[in-house]
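You will see two complexes here that share chain A, one where it goes with chain B and one where it goes with chain C.
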Partner chain A sequence: MEPILSRNFNVKDAWTLPVAESRGAYQTARKVLTSMKPEDVTAAVVASNLRGLGGAGFPTGKKWQFLPKDSPKPVYLVVNADEGEPGTFKDRYILERDPHQLIEGILISAFAIKSRKAYVYVRGEYAEPYRRLQSALDEAAAKNYLGKNIFGTGFNLEIVAHRGAGAYICGEETALLNSLEGGKGYPRLKPPFPAVVGLFGCPTIINNVETLACVPPILKNGAGWFAGLGSPGNGGTRLFSVSGHVKKPGVYELPMGTPLREIIYAHAGGLRGGRALKAVIPGGISAKILTANEIDVKMDYDSLKAAGTMLGSAGVIVMDDTASIVKALYYAAKFFAHESCGQCSPCREGTGWAYKIVRRIYRGEGSLKDLDTLLALAKNMEGRTICVFADAAAWPIQSYITKFRKEFEEHINNKHEARISKFETISKF
Partner chain B sequence: MNHTTILNQLDSEAEKIVAKYDEKRAATLMLLHLAQDKIGSVTPEAEAWVSKWTGVPAVRVREVVTFYSMYHQKPVGRRHIRFCTGTSCMLAGHEKILDHLKKKLGGEGKISLEEAECLCACETAPMMQVDDDYHGNLTEKKIDEIVDQLK
Partner chain C sequence: MANITIDGKPYAVKDGITVIQAIDEAKIDLPRYCYHPGLSIAGNCRICQVEVEKLPRSVIACNTRVAEGMVIHTKSPKARESQQAVLEFLLANHPLDCPVCDQAGECKLQDYYMEVGLYDPKFDDRKVKKTKKAFPIGPTIMLDQERCILCSRCVRFGDEITRTHDFGIFNRGDRSEIDVCPGKELDNKYSGNVADICPVGALTDRDFRFKMRVWYLGSQKSVCPGCSRGCNIEIHYEKSRPYHLKKERVMRLKPRENQAVNRWWICDAGRYGYKSIDHGRLVEGPLVGAQMNRAGTRPAPTWTSVLENLAGIFKKADPAAWAVFASPRHTNEELYLVKRIFLDHLKWGQVAFHAPGQEGDEDDFLIRKDKNPNSTGASRILRLGKPDEDITPILEKARRGGLEGLLVFGHDLAGIAGPQTLETVRQKVKTLVFEGPNDNPTAAVADIVLPAASYAEKEGTFTNFEGRVQRIRKAFEPVSGSLATWDWLLNLSGLLGMSLKHRGPEDIFEALAGENEFFKGLNYKKIGDQGCLLNS
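Right, the complex of A and B next:
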């Protein structure tokens, strides 16, 4: 397969404008802005079956069509570059290695939704990706690919790069808006949806980095071409972030719907040291775990949903037979307890208690009853909060315990003593 | 130099940052980053300075400071390390490397260490961030080399 999103990842200095231009950057934007109507661009994105690649998988063109037709308020495009889902690192590759691809995607998308201002919210820890992006924005502005009267069409666009400050929840799009407005990253109740009431109370479209990077190729090669790359209803390719116990961890661009087995064995080189596969998390830490017998599944939104899990951010975490599922749940529970924003009681209390109970089990101080307590707790967290964070925290608990119950019971019965990691501490040396 | 003096010298930079946003309160996070970079932590003086520029009441600025893990109310070390404890780093055996790092840092006094959630560089697990920079595929030997350079 010819790489599309990753075609410049290994080209030297592709993040600089001269190299990006030599690889065709901004030619599609020029064609679109000078020859197409905004509605036609949106229609192409709808027809391409492009779906939100941050994790939710909502059809991108449909999201754009939710914008009110005749609002007197400005429309904002907000780019979600707050990559934080454990096991995911693909947006960092785009920001660091091919930021002009993203900027061109923003330019075409802003034209389609009639936005004059875009904000890119980059995760705070991504200092170098942020610098690369800012440098690329400066270069693009200097050549009038951004700014006023772009390509002589009268279209204006300003893009502001913004930094978060270390909070996973800000990847949730309404938390991101509150954070961008200068507040705590608390998710908002929906409706109203951001397309109607978003940033500063104005109509706003929030799209992920990878999603927007797909837009130039769609407009260049056609919606039908893009739709044909994936599986039905799931257009295009996907950047799979593969990590854990594989020989070759990394980012792999493959068609939507590529079987998980093929990703692990044909692309990521199979398991280290020829060990046996034990489990796979297919879509970032929030996705339900799959056992070694469940990997003959197509990696697209609909197939993984049918398999009882989700594609999410396409962060594939592979575990071999040396991995402890109890330990994996301990680290997952620690993550969710740390990152719950604290706004909704079921999540704030639920993640805290889940962490305490899992820690107790992990240390060898648990009882068999704890497993059912955890399952009941997880059930009571699902669907009871403003955003899906609580659900995401519940899914690892449910799937790890249900699918590996024997291992948990053995751990409890054998009173394993396990090391405890420090929780949110800064030590000075 | 006291903090207020340093902050007042950042006023022209702050003005440029605020001008990028359609509402000045949106500059809060960026101004907090700037203040912390220059004075080493977010002090009450820094909160007041951010409040002055954004129109956000100082008490709301304090809420923001305590919500996000990257803002520190007390100074961290001259160099600050975030050691990733995400699932992929755990699978790659980060605990042994972390223990070694702690031993290596013992008694140093100028370097602070934080156990961080996933820093999204799982392809290089185990990994850590020293100030702005990511360091991956860590081994005990690599930790020694990095820390020796920091000292």
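Right, the complex of A and C next:
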């Protein structure tokens, strides 16, 4: 397969403008801005079946169409580059290795939604990607790919790169807006949705980095071509971040719907040392875990949903038979307890509470009753909050315990990791 | 209009309102913490979840709009389960220190636990410790971070109502803490309201703290006499344990909702202005030859003898040589009796009520600069809408020796015109009569002192600055030796040979409404709990 998103990843200095231009950067944008109408661009994106690649999988073109037609307020385009989902590192590759593809995507998309100002909210820890992006923005502005009267069309666009301060929740789009506005990273109550009341109270479209990077190829090669790459309703290719106990961890660009088994064994080289597969998390830490027998599933939104989990950010975390599911849940629970914004009571109290119980179990101080308490907590957290963070925190608990209950019970009965955990610092956050 | 069903009963409600508004209109109980009708919707406590048929999961009532044909269940197993789950989360890290918590008895955690909780607690771990417990965050409010359920009502109150931005929620997850912003104190003119809206014991009123358990409190609806706004209040008083607090009866004032006047709020000056009801009162009964009497050299005369004495003086008085300083702190009923007796019957022309230079602070929210609750009533009743003359010309006349007698209702002449003037008036006026609930320098030098009941000890009505007539009600009996002004004025009228046959304030008001065009058609029933506007 011809790489689309990752075609410049291994080209030396592709993040600099001269190299990017030699690879065709901004050609599509020039064609679009000079010859197309915004409505046609949106129509092409709709037809391409491009879906939000940040994790939720909402059809991108449909999202753009939610913008009010007659609002007197300015429209903002916000790029979600707050890639924080554990197990996910695809946006970082785009920001670091091919930022001009993203900028071109922003340019075309801003033209489509008639936005004159775009913000890129970059994860705080992404220092180098941010520097690469900023330098690419400067280069593009110097060549008038950004700024006033782009390509002589009268279209103006300013792009601001903004660094987050290190909160996972700011990847949630409305928390991101609050953070961008200078407020606390609390997700907003919906409705109203950002397309109507978003950044600074104005209509706002929030798209993921990878999503926008798909836009130039769609306009270049046609919506039908893009839609044809994936499985029905799931257009295009996808950057899979494969990590864990595989021989070749990394980012793999593959068509939507590639079977999980193929990703692990054909592309990532199989498990290290030829060990047996134990479990896979298919879509970042929030996704429900799959056991070794469940990996014959196509990696697209609809197939994974049918399999009881989700594609999410396509962060594939592979665990072999040396992995402890108890420990995995311990780290997941700790992560969610640490990152809950604390706004809604079920999530604020539930994540902390669940972490305390899992920690107890992990240290060999748990009881069998704790497993049922955890499941009850997860059930009570799920679907009861402003954003899906609580759901994301509940799903690992539910899936790890239901699918690996035996291992938990053994751990509790044998208390065999108790002595290890004595030396583990339990951080007090 | 949208036709909806709540708990099996049909309701027609306005389009576009939220489900919780519809539920409140239907007077159905539904737990809520973060929702307050006077504040923006936060949707963070998650306890107001209801089941809406055809929706996959329960939704929060505060941020869901009604739609035609919506079928809502507030008490179905699904709804109750959601509410119970949220409550269990809220109580997980709550210290459960009810025995030493001042909120106990009016705490929504307690209330809802009894309504929707009653679960077997699952929490078996250490609770999160927070730093500030019993921590004063300003002159009026005490903070307890552990009890806080982070509903953000106080944050929104500071952001939206007072716009002083006092509070913030700091840190995140279960380490979240409510606090005043760094370097700030909660010190604004409406700070006490945060204790009212705090549904738990996190923000308590330093003035009321530990004075009395709330279940020992009696409650009476009234109106704040602190300024001409006339904020609706409840007087919370001790009703059964007089030994408890050295005969103090009023424990606190709470605002009472009235959308036309004060919405849900009250200023701090009003809230803490109740002290004069139990302190500094004239309590020994009427005094004659005040100074000597106070030294205890003479037995106190009875009301009957004093009133007979007064009636005798008034009957013989030259109408041109006597004047009355009526009080804009008196009720409409009392002012009406003043008019009937002194203007109509005794034909004294010199009756004024407005004391100049007594204005206080004012803002664009509730606080009015006229610190009297009934200036409008006084003006409409004594002057019938004619421009108000203040008391200055009469006082000047008294100072120059032009008056033989002066009847002062409540005013302190030293405060109005200075101690020098009071001294001169005292020397020039032969008979100085003072009437009022509290002691002041004028009372100290008066020949006859009549102790009056305070506003908490009598029935009546005040007319606020915009002409809204509102009822005050008697919470308890007048302190011993004092009488409600209307009460002794009625007695006096009898002694003066008038035939006023009123049985009490309601009767007096009826007579007032019968003869005064502004009050025409009004009565206590119409005024009700929320007041009624005067005829313009």
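Just so we're on the same page, the second predicted complex is superposed on the first by the 416 of 429 C-alpha atoms of A that agree within 3 Å, B and C clash if a C-alpha of one lies under 4 Å from a C-alpha of the other, contacts with A are read in each partner's own complex, and residues count from 1 in each chain.
Everything that follows uses one rule, which is that contacts are C-beta pairs under 8 Å (C-beta built on N, C-alpha and C of every residue); 3 or more make two chains touch, one makes a residue touch a chain.
Please read all numbers here as calculations on a predicted model, not as lab measurements.
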>> Let me test your reading of the model: by the given contact rule, A:112 touches which partner, first (chain B), second (chain C), both or neither?
In response: neither
> Between chain B (first) and chain C (second), which, if any, makes contact with A:338: first, second, both or neither?
Replying inline: both
>> Per the contact definition in the header, classify A:89: touching chain B only (first), chain C only (second), both, or neither.
In response: first
>> Applying the document's definition of touch, where does A:385 land relative to chain B and chain C: first, second, both, or neither?
In response: second
>> Let me test your reading of the model: by the given contact rule, A:167 touches which partner, first (chain B), second (chain C), both or neither?
In response: both
> Which partner does A:33 reach: the first (chain B), the second (chain C), both, or neither?
Replying inline: neither
> Touching A:195 in the superposition: chain B (first), chain C (second), both, neither?
Replying inline: neither
>> Counting residues of chain A touched by each partner, does chain B or chain C come out ahead?
In response: B
>> I'd like to know which partner A:290 touches here: chain B for first, chain C for second, both or neither.
In response: neither
> Regarding the shared-chain residue A:351, is it in contact with chain B (first), chain C (second), both, or neither?
Replying inline: second
> Of all the chain A residues, which ones make contact with chain B and with chain C?
Replying inline: 167, 184-185, 338-339, 341, 429
>> Quick check on the complex: what are the chain B residues that touch chain A?
In response: 20-23, 25-30, 32-33, 54, 56, 60, 63-64, 67-72, 76-77, 82, 85-88, 90-92, 95, 102, 105-109, 111-125, 129, 132-134
>> Touching residues of chain C toward chain A in the complex: what are they?
In response: 41-47, 49, 57-58, 63, 82, 85-86, 88-90, 92-93, 122-126, 128, 149-150, 169, 171-176
> Of all residues in chain A, which touch chain C in the complex?
Replying inline: 167, 169, 184-185, 189, 191, 337-346, 348-353, 356-357, 360, 373, 376-377, 380, 383-386, 429
> What does chain A use to touch chain B in their complex?
Replying inline: 74, 83-89, 92, 117, 123-128, 160, 162-168, 179-185, 200, 241-245, 249-251, 281, 285, 315, 317, 319, 323, 327-328, 331-332, 334-335, 338-339, 341, 419, 421-429
